[in-house]
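For reference, chains read A, B, C and D in written order, and residue numbers begin at 1 within each chain.
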Amino acid sequence: MVTLVSYIVVSAALLGIGIYGLSVKRNAIRILFAVEIIVNAANINFAAFSRYLNPPQVSGQVIVFYSIAASAMEAAVGLALILLAFRLNNSIDVREMDKLKG
Amino acid sequence: MEVALAVPPDIVFIILATITLLAAILALQAKELIYGAIGLGISFIGIAGFFILLDAPYLAMLQIAIYVGAVVVLILFTIMLVRREVGEEVIEKGERGEGAAGLWIAGLLAVSIAGVAALAGPNLASTPPPGQLPVSALGPVLVTEYPVPLVILALLLSAALLGALMLAKVER
Amino acid sequence: MIWAVLILLFTGPLLTLPYLIVFPKRKEDHFRDMPFESGQVPQGEARRRLSMQYYPYVLMFVVFDVVGMFLFAWGISFTRIPIGSSLMVLLFLILLGAPLGYALRLALRRENW
Amino acid sequence: MVNLPTNPADILPFIISIITSHTFITLVIFPGLIHLVLASSFLTWYERKLLARIQLRIGPLYAGWPGGILQPIADGVKLIFKEVIVPYKADRTLFTWIPLALVFLGTLPFAVIPFGQNWVIANLDVGLVFVFATTSIFPSMIIIFAWASNSKYPFIGGLRSLFQQVAYEIPMWISALSVVILARSLNLLDIVNAQAKIWFIIPAFLSFIVFFICVMAELERLPFDLPEAEPELVAGWYTEASGVIFMALFLALYLKLYLMSTLVTVLFLGGWWGPAFLPQPVWTILKTMVVATFIIIPRGIYPRIRVDMLIKLGWTRLLIIALGNVFLTLLIVNSGVLSAWGL
């Protein structure tokens, strides 16, 4: 039986995968993947709650809409930053981006 | 369709969840970044499947068109731009020791959220209320109830476009 | 969804059968498997870093993808939207017009990339 | 669920009832798989014949009557039994499976294309967006395939293909938007039904022009065939494809040609509407073939355009015309000129 809880569980699992990638990975593009996965986990929750509320609400879907738009833009800027970092450092390892360190 | 090939939603849900989670893991763990991007795309498609199950078909199409159609393209493009000539993934070596710790943190977080949700389960709605929203219900709400976020969205889009361009431009 | 499953079921065997017939793992033959370069021996790496020139257009695509999907959501139901709110959409597009023009100006200058 | 028969004697009638059911016919025979494979292979023959006639040649001749119409089948058999060469150091998995995924993606959008009032597989409410969403996955597949083949020409071609399809997708969507505004629906059945009295090519002529140009660019047809430019790039992004892989890619490309032609028909040329002496699907297919002819003909007569012309045409002219046309359509619809035709 698919209930609201099953969606929350899937989204929690996605969140866990995302957090794992965020904390462990050193490749900047991988970290961006992790961020996208986390945003998607949140989107599932919005859509699920909006569907299971009574009466059916469209606001949840609108939030997902804005969230998708915002995270697409975040990916665009993030990838531009990665390009810039690659040009300056010749590496996309986040541990090597320590030019500002004293 | 008159012969309703009524696949029980549970099976569809389980298959979708498996695909999504495995693809998300592939996105992070694949050796080549290209495979990672493909895994990310498959995971996005799985989430679009969830949106269809949740009676939000427009969101599913949005997800596929924006994420799989645009963001994955941009990611692939960037991967090909930042490739090193030799030695694809020198970075991954130092991760071994931290992997276990990260796994513990992430697993703990996910399990605790899922546990709380399962405990609160009886209080949450278990069956969705009947009645789907038509696709055309999204537009009026988007434009009439949220006009200010709309303008902010326009500003965000322009800022992101110009910012990303200025960042990626070659300084001379 | 049924359609997708059925296509998988049909195109799968249809195309994997020849795949299986044709694809026994054979010994690698360096000369036969060489990439085609009009008869010349390929030099250097094929997957060289690509030029940045195309980057701004892909970026513009990502932005206008979002705009396009938004406009579809507005377009199907615009009869039920008061005309004042539709002016909001006009404002939205005008706000985006200026960055588009500037981005195109940046993108068309060859020395930037 | 369908009740499965328990008595062995009932099995044959049960199978017959399944095969003759409308669902099965729509899925497998008419708008379904057999029709799609036949139509796309017919299109390959038709294109060769048409181009040959334009260039005062004869084209395929020997395989089957009339005019070598069985040529696609002969080609298919030949390609299946040819040796597949995977280039040295290529990514074997991606190189073999991406073409299959492309065929899958090429067939998927036909689920929502209506060939007649009852000849549609899935009556989706978001049909048009579904078509656009599925076709927008093509460019990333192509660049992955080009990357996987580890060769220079495919890589340059794949890059150009990505860039071009990305540039022309936006004007295409926005020009389709004025059709959506006229029909007030994303469901392709509703869109065709709204054209019962007047085809949308008349109130939305400008967007038809923009849409058609964008379709040609999306399909990488001359004058927009920069991704496969034979004199420069050998065969563009599928230079290294051979045997079955080439067949799958070719099938996917022609499925996309057929898809785009039907889409133009459905959106602008009134779908199945026509004098009643022919059944509805026949009208759809006839109009589709006319559109396909107009897509193919420039290949015989036009030269290729330059990259900068491509950019300027797509991102400035077509986008601005499409956006302006949306507001023109809004004005037309609000002024009530079209109320005589029920719009």
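Rule of thumb we're sticking to: a residue touches a chain if its C-beta (ideal position, glycine included) is under 8 Å from a C-beta of that chain, and two chains touch if they have at least 3 such contacts.
Bear in mind the structure is a predicted one, so any value in this text is a computation, not a measurement.
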Inter-chain pair with the most contacting C-beta pairs: A-B
Gap in Å, rounded to a whole number, between the CA centres of chain D and chain B: 28
Length of the line joining the C-alpha centres of chain A and chain D, rounded to whole Å: 34
Chain A-chain C separation of Cα centroids, rounded to whole Å: 21
Mean-CA-position distance for chain C and chain B (Å): 18
Multi-chain contact residues (two or more partners), chain D: 122, 129, 136, 147, 162, 166, 169, 184-186
Per-residue multi-chain contacts in chain A, two or more chains: 65, 68-69, 72-73, 75-76, 80, 83
Chain B, residues touching no fewer than two other chains: 1, 5, 58, 61-62, 65-66, 69-71, 73-74, 77, 80-82, 135-138, 142, 153, 157, 160-161, 164-165, 168
Pairwise touch network: line, ring, star, complete, or other: other
Complete list of chain pairs which touch one another: A-B, A-C, B-C, B-D, C-D
Of chain D, residues touching chain B in the complex: 1-2, 18, 21-24, 91, 94, 122, 124-126, 129-130, 132-134, 136-137, 139-140, 143-144, 147, 162, 166, 169, 184-186
Of all residues in chain A, those that touch chain B in their complex: 1-10, 12-21, 23-27, 29-30, 32-34, 36-37, 40, 43-44, 47-48, 50-56, 58-59, 61-62, 64-66, 68-70, 72-77, 79-84, 86, 91-93, 95
Touching residues on chain C, where the partner in the complex is chain B: 1-2, 45, 47-50, 52, 54-56, 58-63, 65-70, 73-78, 80-82, 85-86, 88-89, 91-92, 95-96, 98-100, 102-103, 106-107, 111-113
Residue numbers on chain D that touch chain C, as the complex places them: 27-28, 33, 80-88, 90, 96, 100, 103-104, 107-108, 111, 121-122, 128-129, 136, 147, 149-153, 155, 159, 162-163, 166-167, 169-170, 173-174, 177, 180-181, 184-186, 234, 239-240, 243-244, 247-248, 308, 311, 315-316, 319, 323, 326-327, 330, 334
Chain A contact footprint on chain C (complex, rising order): 55, 59, 62-63, 65-66, 70, 73
